[in-house]
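The letters A, B, C, D and E name the chains in turn, as written, and every chain counts its residues from 1.
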């Protein structure tokens, strides 16, 4: 503890002051009442919680839906980003900088502006539909925007660059000898990748997964702009209740529930990844 | 068709401007044990890595069991390899490290467990199955690297200084295991070591490398007793060089006139013209050293300047009256000679080799 | 106040349930060269790392130059350290690796450049200044690790197998450099090695460790000639053990009755009660081996079962008529004895040590 | 000096702020008081108001009402705001809240795709328009108003929303909708690309389309009436300088500013004395005269109080 | 590589596809930015008018400046906070580590909208409702867990003996950190910084609440602008960002090249 506390202290204190206290306010607010749709009244009621937890629509179509979408989008992000990260680590100098810049460019520009680019691609008569129909993958235009597909695609679009960034260092620092040793005992490139490289990139992958999952789970901008009534992700509900409907008590209750769920899922991931590999890689003193 | 398990032909490896391996060729016969010996940085690891397929040669070809493997990926070459820096997989336990190759070969669970247990037993690591590499000492890690290669019972095994971090007793045991395994499996072995005792005692033949080139390929005894160049002579065992000129060459004997004018007689094995500049080679263990004055042929007088104790061996450095430094080794001694004492050294003519000073050096 | 540069007192290190270092205590005097010797995994590296401050002892204290450093961070301990796994900084060139410590000491540019050049020259790495560690061979990396420590000219230097990846010739040179440096700088050195020749020739005293404990601390000659336990006897040099019982103990001599009934005479140095189970220790280099039958006291007959060639040494294994295996080393030989031949072995009584079978072993 | 006097005014970013800024210099000069624009989306205006961070709040009507409930506003004093006298009667919502300007949501359509002009909001439901209708998200006044309108037309009303919610759910399930969009400019894009054939559009956005040269996009004001887009103003109860705030509100109501918003943003004036130039190209887009009378403005308080409930019911019914 | 190598080719292909996916919308945006007609597509000419408009908009330029400064400051602070914490967490096992881990991740668990709202209200209550501090704190605290995760991953792969070697030649903790640890985990550090910067640069909810007047970051400006009108100015702004970052890359590359030259 003597060795552990001082380095942890600044971060912990910052969090205590700037996160814990505000969150206490959120917790308190979540027990308040909303009167006539706008006016907040101090109270001690569980209504806001029962309203959410007692409603299967909220539970299934927002909470569970968000978890599912967040997990799926995270998974796809990882699958898409991993090869790119691998490729980036094989480049160097200018080529690498250009690649990294391109990877981060969408985030630099921001979703709000790029949505219009997406409309060009995704709209009914858009590029993607035209392409798919030309290729005879399907014959009727498929709806991407303002649909769950669009939400997932855009979450992946945003998430993938973060995964790439998280992975770079882990991949880069794997000693080539380890792969050589695997090849030598008969592992193909592919096997060597799966059994050696992949496990050793787990720390980076874990970081990426946690980051992207958290971003996805509380996403509101994407479902707001690309979603429709079928993609009411919980982050969007919080946004709407808090800012559009002025229902801060309910939004606070939702937030508290989200924090708990999020924490449980992240702890689950920590245990899972720890079991899988991280415990083995940790350098303990 | 040839009998050779490994054929290395005209291999060159350049890193930018620097040449790490320079036109190296040698063969290793089926079941043979060949050592690669040479000073640090001479290209041993590079050569081995190219044979295994981890690096591509700038020029040259490799054949393993009469198949050109130069362009084959490492996993198709079916070679065992022990890395100089171990290259243990940090996320796998000792048992997993050792068993990985077997699992890839789809062996049965029981078989794999057996093999793991066996290789760990041989390398003295039983009981360490579930440790991770970072929980092992340096020598233990090295033994895991060895066990990992042995578990696969490869037909051809390449080892890069596999025993460098082991204590002598363990090294002796390991060596014996290796030799036994090799004999039992008819395994072809190419062995890199910096320990010449190891090279000499284990090998059928030894390849001596220097600065990326091959200096000599010979059987151990031949190498030690008949080094082709003074580099080899010096590198394999410690050797005294005394410079001089050839005199009185006749039939089976000749003389070397040292700087001091003294003439040493040698049983001539080399053809040298009289008057040529030559070097007389004297192995330290071949000389007799006394503190009582003796006279006669091939007696050199001098003063003891340093004595080093190695347990079974005492090594003396003597400054000859001619100014040269000569090292002498004494075994089975009971007392030490004091530094500074006057000593006499006797070398029998049959223990004196003569090589010409330029040419082969 | 004491004269000791390093004092290690009652140090214990546990990893979970396993004890890596078990109550180790020893001192190294000012300017002394002490080696830590022991089998792989016996706790040498762990001990060294704790002295340097990289690991905290579970119990025990360390004093360096009479200052308790047990709780001091490594950079305050003012020790040099050569890592078993080199630990070269991958992002720095060779020159930067070597010069880093000097830069920290705010030396002038010229001074640093000089020191770098000097240490690289001493380690034979001149010309490699601008390479990155990954562009070096194993031995070259090891030498950079050594150069890095030497450049700082530390008062106390801890080295963990610093020469293990070097060829013999280079190792001899390095050893000489080390010794010279040590003498010149009055540097206190604690040296871990698995090479007992190195330990015996370099050290003032040797600490023999086994399974985390100290077995014996003694000067090299003492250690080799008077091992305290059979572990030490066996570990330091190769030793033959013949088991038997003590007979006819009298004054300066005693006998050992072997299983076969034969009695070997020994110059008694140990106090044993007649009849006690004892071991006769015979160093392989102390025996004389002939193929011509000889008779008399302390002659053992047997059959040659294995001969190994080490260049300067031939090592024979002989099965005695009593069934025991005895190893003999022959230097300065001119012919080989054929395996299977009948041989006779002579051991002088003064070369036979007797230790009791239980107790100290 | 200008340093001492500082008025914090909320505004939306973009063109709204642009118009504000274009007319502000004169005010600042006249009253020697600097204006600091607090830019944000509508919800932030309310939150900042709750925390007393602003003086004059340019608001949506819904937010004004919510704020009024929480007692955030100062009554607007006609004595201090002489221009209030010129306001249309229905532009005074309460003693705290007046309308600064009014736009409306019209029915836009693509004349290439529709053979004849639509006449009613009911056209949105027509099966011909599969996947080519856009409307605003369910949080937005026009969509909420449409829902109320449909409830009224189907035997319900604002106190019995079931029929309206059902009808909206039908629209969602009909497959007509490309989407219910929260970002207006996305709707503009969809009309541009020709994806959207029919849909709601604010007059301001309609103007964007026309000024970009979209010749095939036209609009109608359906007979049932259009939905107003109201900008309300309030003065915060803790305004640092209530008098200056009143001066600013008065300035907003001046013909000059009113015309500026009309010509630049297509927000119709709420004062009688503002004269939109005859040659103004988009005069037709301004809601005036009998169209102004047909503005469909259901009880905003009830909408505010119940919209969350309606949305949720809609979400459940529209679940596919 | 002389031999045909399926793995590398596949990797190239996937990367190419992925890059297309990432870059395509940007390409469309860029076309729009030089298209005289404000329609998204198809293009009907070439103009730089939109760029001129973007670059003459004080709001955008200021927003960009604010976002840049804020992003760099917040990313820096977040990493400074996260680095020691990550080191402590990776290198030690202690009671309650899992709990502390979750606490440190807490800003990640809370929906940003509520977090920023709560933080804003908190600041107002403690009397710091205006000024730059809340904005900076909000950004820093929010991105800190991201930095923590990436740095933890990097430190996971770090051989502790590099640091030990530095300590023993006399480098203190701090010196070791700067001379050895950070250079060795350089890629991770750069990633972490880039990610933090991007998060801050992109943030909308926190800035909306916490930005004091005159310090409105670009996304807020942009969102309010774009919500009502999509004209090509936003696209031109995006184009400018791309050009600026391209410029930055070339400069960085040149500098790196220069350093190499200077060193040898």
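We take it that contacts are C-beta pairs under 8 Å (C-beta built on N, C-alpha and C of every residue); 3 or more make two chains touch, one makes a residue touch a chain.
Labels paired with UniProt names: A, E = ABC transporter permease subunit; B, C = ATP-binding cassette domain-containing protein.
Everything numeric here is computed off the predicted structure, so don't read it as measured data.
Student: Among all the other chains, which ones are in touch with both subunit A and subunit C?
Tutor: Touching subunit A and subunit C alike, sorted by label: B, E.
Student: Could you tell me between which two chains the number of C-beta pairs in contact is largest?
Tutor: Contact tally peaks for the chain pair A-E.
Student: How many Å are there between the centre of subunit B and the centre of subunit C, using C-alpha atoms for each centre?
Tutor: 21
Student: So what's the Cα centroid distance for subunit A and subunit B, whole Å?
Tutor: 58
Student: Quick one: subunit B and subunit D, Cα centre-to-centre, how many Å?
Tutor: 90
Student: Averaging only over C-alpha atoms, locate the centres of subunit C and subunit D and give their separation in whole Å.
Tutor: 90
Student: Multi-chain contacts only, two chains or more: what residues does subunit C have there?
Tutor: Only 85 qualify.
Student: Any chance you could list the residues of subunit D touching two or more other chains?
Tutor: 41, 44, 47, 183, 185-186, 189, 193
Student: Residues touching two or more other chains, restricted to subunit A: which are they?
Tutor: Only 112, 116, 119-120, 189, 200, 242-243, 281, 283, 285 qualify.
Student: Residues of subunit A touching subunit D in their complex?
Tutor: 36-40, 57, 61, 112, 115-116, 119-120, 123-126, 141, 143, 145-147, 224-225, 228-230, 232, 240-247, 250
Student: Report the residues of subunit B in contact with subunit C in the complex, numbered from low to high.
Tutor: Going through subunit B, the ones touching subunit C are 15, 37-41, 44-46, 84-85, 124, 135-140, 142-143, 160-161, 164-172, 194-197, 200-201, 220-221, 224, 234-238, 283-286, 308-313, 315, 329, 331-332, 334, 350.
Student: In their shared complex, at which residues does subunit E touch subunit A?
Tutor: Of all residues in subunit E, those touching subunit A are 7, 10-12, 14-15, 18-19, 21-29, 32, 40-41, 80-82, 84-85, 87-94, 98, 100-115, 117-119, 121-122, 137-138, 140-141, 144-146, 148-150, 152-154, 156-160, 185, 187-188, 191-192, 194-195, 198, 201-202, 204-205, 218-219, 222-223, 226, 230, 234-235, 237-238, 241-242, 245-246, 249-250, 252-253, 256.
Student: State the interface residues of subunit B toward subunit A in the complex, per the touch definition above.
Tutor: Touching subunit A from subunit B are residues 49, 52-54, 73-75, 78-81, 83, 85, 87-91, 100-101, 104-105, 132, 134, 148, 152.
Student: Going by the contact rule set out above, which residues of subunit E touch subunit D in the complex?
Tutor: The touching residues are 37-41, 59, 117, 120-121, 124, 129-130, 208-209, 213-214, 216, 220-221, 223-231.
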